[in-house]
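Chains here go by letter, A, B, C and D, matching the order in which they are written, and residues are numbered from 1 within each.
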Amino acid sequence: MTLKLSNAQIAWRAAQDIADGAYVNLGIGFPEMVAQYQPPGRHAIFHTENGILNFGEAPEKGSEDWDLINAGKKAVGLKPGAAFFHHADSFAMVRGGHLDVAILGAYQVAENGDLANWSTGPKGVPAVGGAMDLVHGAKRVAVITDHVTKDGKPKLVKRCTLPLTGVGCVTRVYTSLAVIDIQDGHFVLREKLAALSLEDLQAQTGATLHLSGPIGDLVIPELSDD
Amino acid sequence: MTLKLSNAQIAWRAAQDIADGAYVNLGIGFPEMVAQYQPPGRHAIFHTENGILNFGEAPEKGSEDWDLINAGKKAVGLKPGAAFFHHADSFAMVRGGHLDVAILGAYQVAENGDLANWSTGPKGVPAVGGAMDLVHGAKRVAVITDHVTKDGKPKLVKRCTLPLTGVGCVTRVYTSLAVIDIQDGHFVLREKLAALSLEDLQAQTGATLHLSGPIGDLVIPELSDD
Amino acid sequence: MDKAFASLSGAVAGIEDGATVMIGGFGGSGAPIELTHAMIDRFLATGSPRNLTIVNNNAGNGHVGLAALIEHGMVKKLICSFPRSADPRVFTEKYLAREIELELVPQGTLAERIRAGGAGIPAFYTPTAYGTELANGKVIATFDGRYYVQERWLKADFALVKAHMGDRHGNLTYNKAARNFNPLMCMAAVVTIAQVSRLVEPGALDPEHIITPGIFVQGLVEVADPQQEELLNRAGAQYP
Amino acid sequence: MDKAFASLSGAVAGIEDGATVMIGGFGGSGAPIELTHAMIDRFLATGSPRNLTIVNNNAGNGHVGLAALIEHGMVKKLICSFPRSADPRVFTEKYLAREIELELVPQGTLAERIRAGGAGIPAFYTPTAYGTELANGKVIATFDGRYYVQERWLKADFALVKAHMGDRHGNLTYNKAARNFNPLMCMAAVVTIAQVSRLVEPGALDPEHIITPGIFVQGLVEVADPQQEELLNRAGAQYP
């Protein structure tokens, strides 16, 4: 019995909501896994903010072209119909509302849709990259994340305490325990692991989970996490 | 003895001040003549705001490509090193200060550098095109014009009475009688036709002509005006 | 993914009464005449679309393309920079009779407003038109001691553009100076429809040479031998 | 017209102490390493240029290129979006020791500010960073009921970029995703110097395929087999 989804499983669940032909930006790191789990017959077009549409798998190790990389600076390949463009055009796609969905990681998501995913506070070297741009403009901004932090604290909170990436921008959160929409300043529970009681889920969540219609079972195939 | 320069001669004089390799925009109509009179050995690169750098002469009649036109919607050709670009990039060149010189026609030029060249007043259909963009950004904005209107009124005036195209933008005026700089809110006479007295020139000018250094003779070869 | 329409009529079927429609081109160069005529066909058959707000650099020439659209009374308002042409009579008469509204915008400001619409920039400052009557009523600000005019983005419900090659993902190239406003308008409309001289499969265009990436295009239709407004007008054509 | 320099040293000879220099690239992709190293050579020989303000997406990686520039103490201030990399130690140590100033800018805002500098747009509004600490002290305005942050243009004295092909007029093409910030920086600097893998004669590049028109480029120099930062770092290189 699943107590908690693996990252691969969270990514799989998020991938099920991406329509055929959608234009999608996946945040650096964990969100990149979403690309692997497109349902058969669906082909999203992936955007990387450094200037490629419709990139794909990297070539074999040793034959990489280091001018052909994604936002995470990993080597990638191209699919038929790919296009290159400069950074201003790339962020015009982002800011101008042309992406269908952006899927990002999170430190905290608040019930008002605020997202904190760029800084854990004032120490060290701050670095923002495209995070603050990506939360604005995409028609749908979704987050994939563990439901709680490594030390068990809620990541879904009433108000973010970490520095914000964007205000009121997230509309859906895929966690290791549930799928939760953000509507009118509330968390609205859509799916949860069958074995988990609503009370247990609420106890691990930093703000009230609202109900609106039936709660689906969050059923995910077994997947290896690499 | 020349009483007044022809349009071709005014254009010739303006062309002498364009350096080799300069990026130049010539206004629609009369200013386009300037391109014909580049001194031997000098090659300016001409910009047309609809999206070409380094265009040249039109092909023969009947073999025009109507996708290859200039801002005046005349068919043109290309020189080696030409480039195409869209309108936003084209006006980035204009507004961003990348052109070395823009040469425009005028209804009126004022001693403070104001230019009126787009509208003769509220009647009829107003049309502005790129005139208001071109007067900003080019490193040097020059005007070529008859010294007076068809009915003998000064076109070089104290303050423009016609609707303005731009404020304080013109730095040199090439007229049918003289070459005049605009400096610190004054007309400064640089060259005039030898046969014309300073008094006669002043009488045909709507604001005081200042003197600063020697006045050159405006000597232009005979040119046909077609 | 296949964004291609089988017919011109299908391509323009979704344009509603009252829509704002950007039409590409600079004069006849890059003007999507066949798409424009398809709108007229639909209007003559069904009475729609009408009350359109059209964004174009010009106001039509002769009696084809945009001029024909205006002549048929489909246009309520025109946003343009230069409503003059070799034969501007159709627009001129309606304008002087107050049957059509005009918003006159400097050409570079028009281009930048459209780009801003596509890039999610709601407003920007430009030196263009400062101190002129075209800045009347606009916000003025100084930066580094110089005056600038605040301009707003321009967006549209539809953009109709003319491209040269297009693949089924909507990636486009253009022919020479026919590029002009077309790539910008693709960015600024909810739905962009491109007519292309050659429709090709994804992968047929070099990713380095694509001018409009497919994300900015929602539909395309092949018009193999598109007409040139200039030649139509020289032949005295009128549509239909 | 021939904008080509015969040597890298000649190409960077004009960069003065205290200059603002934009350096193209996203990480190593499109980074003009040879031009950057030519600046270091000159600094080691003459003590100039120093006190530079550098604009780049990142803050260097390992001990080559931008990282080496920082390591040699030539950089006073960095304007960037993401001062992290596989090996960011050079910047990190100087930053934590307060030996280098950092202006952190969201990546899309950085790109747009540079484009604005090139396009003569002194300021624009963006939704990016609204409500975050990166908007602190900035002008906020509402348009159509939504909040936006006012951002200013970014210009430079010099831009150093890496292109693929370049002709003697300065027309440039790029290689794949190495395009990134390079075409924007070309627009925003008083003097843009491009290193190109192949220098060709005017007319050799198809006017349809030119990404940066030559008007935005003041000098170029051929570097036939440019190094890739990624490979240098994997080999543990340091410069010089």
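By our rule, contacts are C-beta pairs under 8 Å (C-beta built on N, C-alpha and C of every residue); 3 or more make two chains touch, one makes a residue touch a chain.
Just so we're clear, the structure is a prediction, and the values are computed from it rather than from any experiment.
S.K.: In how few steps can one go from subunit A to subunit B if every step must land on a touching chain?
M.R.: When the steps are counted carefully, the minimum from subunit A to subunit B is 2.
S.K.: I'd like the Å distance between the centres of subunit A and subunit C, where a centre is the mean of that chain's Cα atoms.
M.R.: Taking the mean C-alpha position of each chain, the two centres sit 36 Å apart.
S.K.: Express in whole angstrom the distance between the two chain centres, defined as the mean CA positions of subunit B and subunit C.
M.R.: Distance between chain centres, rounded to whole Å: 30 Å.
S.K.: Where does subunit C touch two or more other chains at once, residue-wise?
M.R.: Expected reply: 112, 115, 119-121, 126-127, 174, 176, 207-208.
S.K.: Quick one: which residues in subunit A touch 2 or more of the other chains?
M.R.: 52, 84-85, 88, 91, 94-95, 136-137
S.K.: Sort the chain contact graph into one of these: line, ring, star, complete or other.
M.R.: other
S.K.: Throw together a list of every chain pair that touches.
M.R.: A-C, A-D, B-C, B-D, C-D
S.K.: Using the touch definition up top, name the residues of subunit A that touch subunit C in the complex.
M.R.: On the subunit A side, the touching residues are 20-21, 23, 43, 45, 47, 52-54, 78-85, 88-89, 91-99, 136-137.
S.K.: Touching subunit D in the complex: which residues of subunit C?
M.R.: 112, 116, 119-127, 141, 143-144, 146, 148, 152, 173-174, 176, 207-209
S.K.: In their shared complex, at which residues does subunit D touch subunit B?
M.R.: So the residues of subunit D in touch with subunit B come to 1, 115, 117-121, 167-169, 171, 187, 201-203, 205, 207-208, 210, 213-216.
S.K.: Which bits of subunit B are touching subunit C when the two form their complex?
M.R.: Answer in residue numbers: 48-52, 65-69, 73, 84-88, 90-91, 94-95, 114, 124-133, 136-137, 163-167.
S.K.: Going by the contact rule set out above, which residues of subunit D touch subunit A in the complex?
M.R.: Residues of subunit D touching subunit A: 26-30, 59, 81-86, 88, 91-92, 95-96, 102, 104-112, 114-115, 126-134, 147, 174-184, 211, 228-231.
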